Structures are given as C-alpha cells and as structure tokens.
Amino acid sequence: MALTKEQIAERIARELRDGYYVNLGIGIPTLVANYIPEGMDVVLQSENGLLGMGPFPFEGEEDPDLINAGKQTITTVPGSVFFDSAMSFGMIRAGKVDLTVLGAMEVSENGDIANWKIPGKMVKGMGGAMDLVASAKNIIVAMMHTNPKGESKLLPQCTLPITGVRCVKKIVSDLAVLDITPQGFKLLERAPGVSVDEIRAKTAGKLIIEGDVPEIAF
Amino acid sequence: MNKVVSGAEAAIHDISDGSVIMLGGFGLCGIPENCINALVKKGVKNLTCISNNAGVDDFGIGLMLQQKQVKKMISSYVGENAEFERQLLSGELEVELIPQGTLATRCLAAGYGMPAIFTPAGAGTEVGTGKEVRNFNGKDYLLEYAFDADFAIVKAWKGDTAGNLVFKETARNFNPLMAMAGKITIAEVEELVPAGALDPDYIHTPGIYVHRIFQGSNYEKRIEQRTVRKR
Amino acid sequence: MNKVVSGAEAAIHDISDGSVIMLGGFGLCGIPENCINALVKKGVKNLTCISNNAGVDDFGIGLMLQQKQVKKMISSYVGENAEFERQLLSGELEVELIPQGTLATRCLAAGYGMPAIFTPAGAGTEVGTGKEVRNFNGKDYLLEYAFDADFAIVKAWKGDTAGNLVFKETARNFNPLMAMAGKITIAEVEELVPAGALDPDYIHTPGIYVHRIFQGSNYEKRIEQRTVRKR
Amino acid sequence: MALTKEQIAERIARELRDGYYVNLGIGIPTLVANYIPEGMDVVLQSENGLLGMGPFPFEGEEDPDLINAGKQTITTVPGSVFFDSAMSFGMIRAGKVDLTVLGAMEVSENGDIANWKIPGKMVKGMGGAMDLVASAKNIIVAMMHTNPKGESKLLPQCTLPITGVRCVKKIVSDLAVLDITPQGFKLLERAPGVSVDEIRAKTAGKLIIEGDVPEIAF
C-alpha cells in the first residue's frame, strides 16, 4: 500500500531531532508539524518572518497580522520571535535552519529539484523556495513517486526548470524512503507491501539497492 | 521636520506615470491599503511595482492591475490572481520573478548603501541566466543589485511624527526593508503618535528613512487563507 | 532545547588556545564582562579577538591583554590603552585596524550568509591595499569578506531560555551583529526570563542565533567618559 | 583675530537646515550642537547606534548604557531611536545623513582628508571616520588652518595617510571659510581682522580668491 500524505509526514517527522529549527513548505510538509514527538523541542520557522509557529487559531481568534508563508492564519508558541524578510532569509542563507522539508515536481539522481515552474502553464513564482534549497543544510523532499500518468518523478535529470542544484538529501515518497548519494537514489525503506520491483519500475533515475530493504513501520 | 501629511492622496501626490514603486506586505498581510486605494483613484499608469506578491483580484495590488496601471511587476510569487494571469499571458504585463530572499536582500542593500550583494539563490537555475556568478568557498553565488526605487510605500502598526515605525507580528515582512530602500518613503500607520511616545529601544524603522507619514483609516485587513482549528 | 548554562565558565569551556572570538560592545558599553573575566581566569592564549575596541588598561579586553592572551586584535579603534600600545609597538601583538562600518557589516554578512559585501569605506586609502576594488555607478567600493569566528560572545539586557535577546540603548551596538556571526554564540544577560516572557515583536536577536545563555552577575558597567551638565 | 573653537562651531552651525540629520565628530564638531538655531529641527546621529542625541545628562543621571561615539555619557530627545552598528553605518552609507562635520589633520585641494593616523606615532584607528567620509553627502571639516609649527594643513596633497578621497566639501578653519572646488580651495569668508594675504600665506594648496572676501559676522 502506498503511503497516505499523513504517513509521508509521519515518516518525515522521524528525522526530527530535539533542538531542531525546521522550515516546512506548503502541502504535505505542513502536516509534519502534527507528528512532532511529544516532548521534543522543535521550532518551526516561517520564512515570512517568524520563529516559533504554533497551530491554527481557534475559530474566531484569527489575526490578519499573523500568517505563515502559505498565507494561512496561525498562532505562535512561547519563545516565538518576529523579524523582517531580510533577517528571515539571512538566517536561512547562514545555515541556521537545521532542516527544510518541501514538495517537488521532480528530483534528479544528483539532488537537483524542480518545483516552481511548468513552462507554458501559469507561472506563480518561486517564492522562497530557491533561497531555501540553495542554503539549507538538510533538505527532505515529500512527494509522490510518480505523476498522475504514472511516470516517475525521480529522474536521471530534471526536465522542468530547476529550483536548485544538488541540494536534496532525502526523499520520502508514497512508495519509499531514499537518500541522494553520489551514486544516485539509494533505497532505504519501502512502503508496507510495496515491492522493491515496483519501486525500481517507478524510479527512472539510477536506483541503488543494497541487501534487504525494510518496510516502513507505523 | 514636518513629515506628517494629511492622508494618502497628499502622500502619493507626486507619484506619476512611469514611477518605480515598492509596496510592502506579504500576501495581503501588512499591505498599504490606503495608498493603494489612492493610487487607483489617481489613476497613474505605467508603474513598475516591486512587491513580493500582486494581491488578489479585488484587493491590494490586484486593484491596480484591474485598472491596468502596472507596466511591470517584480515579485517572488504571483499566484491567486486571475486578472494578473490574463495580462501576463496576453503580454500586457511584464513580470520579473525573483527569489523571495533576493527580493528582501536587494531592499536591504539599497537601505544600507551596498550596491550589490551575493546570494546562492537561483545559481544554476534560469534565474541566474545572464547574471554574474562568483564562487566563494566552493559554492556559487549570484551578484544581485540593490533596488533603485523612486518611492517606497509601507504600512506600519504604529508610527510617530518623526517617522519612526513599529510593525506588528508577521505584518512586518518586507515593510521595514522597503522603508529603507525608497528614494522617498511613504508610511501609512494604524496609529500615529507624537515623537517620544514610542520606546526608542523597540523601533523597527528609524525615522531617518521615512519622509511622509499619516494615519490611515478603514483598514480591511483581509485574510487570504482563513485556517482554524476546532475548540 | 536547553540553551541555558550555569555561568560564564561553563559558557566558555571549549574556547581554547588559538580560538577566533568576537566580543560585543562599543568602548566599555555593552561588553560581556562575565565572560571576559572567565576567559582571563581560564588563561587561554593566542586568541584572535574581533571587537570594535580593546577595552582600557584594567577593564574589558584590557584584562586579557595584560595576561598576554591575545595574539591578534581586529578592531576599528584601540586608543585609551597603554598596555595595548606597548604590546603593539614591541611587536607582541598583531593588530588589524578596519573601518567601524566595515567591521559591523562583515558581522552582518556572516549572520546573513553573504560571503562578502561591498563598501566604499577605505577605498583609495591604505585600508584598500591588496583588496579587490569594484566600481559601481562611478564610485569605488572594496570587497570585504564575512567574518568567520569560532565564537561570538555578547552581552544583552534581557534574554529568554530560547536564546532570544533584547539590548538596552546604545549597549546594543555590535552585540546583535556578532550574535549572528559566531559559529557558537554565547550570550550573557542581565536578566534571564522564561521563553514567552519577552514580547515577540520586540526581540533584537532571535534565539536561533544563540547557542548558550546565562544570567551574568556583578555588572560593573564602567563609564569611560563621564560627561555631565550642571542643573 | 583667529576664530575660537566656539566660533568655528558657531559658523558651521549656520550651514544647518531644518530637518537635517547630522553626524558630529569628536572635538570642535561636537560643539556645533550648542549653536543649533532655536526652533530648528536638527537630529543628531551618533554612529554607535542612536538618532536623536540630546545634551549631557545632569550630574547623577549618567547611564552607562547610553553613550555617544566619543564614549561620553549623553541623553536622548523625544523621537530618538536606537539601532545596531550595521544599521547605523547602513544609513550613513545610503546617504541618509545630510551633513557630517569632522576634524582633520590635513585636507588637500581636491578634497582628500587625513585624520586617522600619524605613521611612527601611536595609531588609534579610524573608528567610523572612513565610513563617514566615504559616504556622506556633505562633509564640512572643522580644523586649525595651520599646525602648531605654523605650517599649512590645507595642502596640494595630503602627506599623511588619507581617510578618504575627494570628499570634503567645505572647511571652516580658525582663519577662513573655504569651499573645495574642482579648481582648489575657494575662499568664501575670512575671520574678523584676518587679511586675505595672511590666509594666502597660510594656505599651501591652490587658493582661489574672487572679488571681495567678506568677514564672518558674529
């Protein structure tokens, strides 16, 4: 069974460590916040100018001056701090954010990522994605392994305009967990009930399989 | 030093056809609503607008797009706007998309008198095409130039008659940066107080950067994505 | 996230011979008195110190100079210190004098992940000797590199357990900049409060930049030039 | 009669305009603050991180956390604001400070200034002087026309290591007021009772005299 979006988020949350500062992108990455282990101190950065993002507000308590980078109304946690966009991207560029989780349309076997533009279709812009991927120490991509047509999104090289070069460290897809290594995509874990053969068939980029590949346990 | 003007119309009186203007805000959060409305009313055209986003169809910079007042947008993210899309696809509107951190830092550079900065954002991508690339410590950086805007229009929470500004929560975003970057900086504030009423330790934008200030009115503060949880 | 350490000795425990350290403060204003005393007590040597000034003979960094713990000073102004002068003239101490704004901006560059910045300060003078010069819009600028310091030691007025810092008046100076620039940043504060006790709109240094924090004691806060007027 | 230091400051104060942001250096420039015309709004910048510097504190009210760039205890005026050193020099570099007044050891006829180092003697450092002279829109130098040996400090070119190139706009010395022009030092006014001949004799750099040169009136 392929992982649900919630399971992808849950699996990614296992990469969190106490004391991490983390930037979560829009979509599946946002869900990771729901799986931070009890008692673990993780501070969420929102690149529009906040460290210490909390959950959505209770109904009726929305504050139009308090939003995240996805323009959603949010709250803050104790110890939070606001700052301007230059400082926000300054701390990102300086490598102070320990982990960045974001979505992707394509990832190449050398770690290039494409997630901002589909030529010919509407271009919405890269927002902060190019800054994040250019500077983050550790980037995990949350994505579907294939597109709706069943074509692999893990490629020898990206076909779409790239967002950043050689930056992705790990992918958690609906089918597998993979590291980006100098040799290509290294299969670490597979979704429960998904075979290595299926993953191999759906991975267009170079796939490295060493020994037994365990299932992700939930 | 009389920086206080009567209102938005007076504040923007010399913004004219072809002006390059910066507008603060992120999404619809912290945008200079009063000045945008005044610009729509004034009907100036062929503007180059530097702003992280382009508003929505019927609010923010979207209102200026409806009036076809904008020749060029320099932004990082321009979704959520059908009229924008139409003008872009028809070639009526010129758009330069740049990374959000690059946008912020090019404002900072202008405010701090630095002609250019280096950032890795966009290196190796089409954003870097035609730009100078320089390698420091094994990593490629793009040389990006400071903005050169005729006017910066920002929205603050509080301001004083000396032009000092304080922003609230994430409505800060690009506002203090653009406030530093305009040749002429216009600030609209929710509450205008006398000089001396703000704590000098906690001012985000020093008044030296602000040329005109007024207390705005009828702030709508529209929410773009209302997300809540159940009690 | 436990950033709180027991005191100055614990905070500086891994500063060792040959470390490159930044020390906040301007003159004797806003200097990390507790950490300086702990460094003197610890007796580490061959330090490279980046600090706007070098203290006075018997206070601040002057105490470290007396113990001959400093191999090199990177500063903008080093008057008011006879022992400093003696060591400089005898060749015991290496000194690199750089413009104050360059010092500040090289800290900012480190904290904002910019490998280098351009400044006109020193262009055409001996400060520019051997440095890359680049002309923008008819004016010469020097390329100056971001600092790369092992430790930054700063003094704040208030801080919280998450590492957020607030500075008082002109004791702010280089402190928030150096706080951003150290690979490991140590903050001593006059008052340590729980996370959540500081207003998030008015924090000067976000905790993400601060690795260790403690409440200092016995602040002397010596005044260098006591100037007064009669009532 | 040569001007006193106070008179030099008083004359420089006539260059102030309502709404000016001004940075005053150590020494004679500091005295300019005493001659700001009543009712004129001038904001003093201190490059260690303050806009809105006020007079010295009353005895007993000194605050060790509140000093100017000369390390003197000071006060603030209403509307003042504190900031860090990067922003302070940022606003200087961006040309937001309207007028900078500082002392000099030498000024050359093309506007170079030397005021930070005497080789062989103790070097105290340039502090913020190099940043100020490299960026200020308008620099007025307050200085003695000659050194204690009677030698001119207004030279064809500086003999000491310079602080900045082609930056000084005007000099108010104890003997004269002079503009720096492309042709050299242009004599504008002379101290009461000081002759044009004396000024000519004590100015080593190229001196331009056009028509009658009025005395400075006090």
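Here are some notes:
Chains here go by letter, A, B, C and D, matching the order in which they are written, and residues are numbered from 1 within each.
Note that contacts are C-beta pairs under 8 Å (C-beta built on N, C-alpha and C of every residue); 3 or more make two chains touch, one makes a residue touch a chain.
Just so it is clear, the model here is predicted, and its values are computed rather than measured.
Set side by side, the interfaces A-C and A-B show unequal numbers of C-beta pairs in contact, with more at A-B. If you average the CA atoms of chain A and of chain C, the two centres end up 37 Å from each other.
Each chain gets one centre point, the mean of its Cα atoms, and the points for chain B and chain C are 33 Å apart. Computed from the mean C-alpha positions, the centre of chain A lies at a distance of 29 Å from the centre of chain B. If each chain is reduced to the centroid of its CA atoms, chain A and chain D end up 56 Å from each other. Across the assembly, chain C contributes 105, 112-114, 119-120, 167-169, 172, 200-201 as residues in contact with two or more other chains. Residues of chain D found to touch two or more other chains are 82-83, 86, 89-90, 92-93, 135. Judged by the touch criterion defined above, the protein chains form a pattern that is neither an open path, a ring nor a star, and not fully connected either.
The set of touching chain pairs reads A-B, A-C, B-C, B-D, C-D, using the touch definition from the header.
On chain B, the positions that touch chain C within their shared complex are 105, 112-120, 136-137, 139, 141, 166-169, 172, 200-202. If you check the complex, the residues on chain D that touch chain C are 46-50, 55-68, 70-74, 82-86, 88-90, 92-93, 122-131, 134-135, 161-165. Within the complex formed with chain B, the residues of chain D that make contact are 18-19, 21, 41, 43, 45, 51-52, 76-83, 86-87, 89-97, 135.
Within the complex formed with chain D, the residues of chain B that make contact are 1, 110-114, 160-162, 164, 180, 194-196, 198, 200-201, 203, 206-209. Interface of chain B with chain A (complex): residues 26-30, 52, 75-79, 85, 88-89, 95, 97, 99-105, 107-108, 119-127, 157, 167-177, 204, 221-231.
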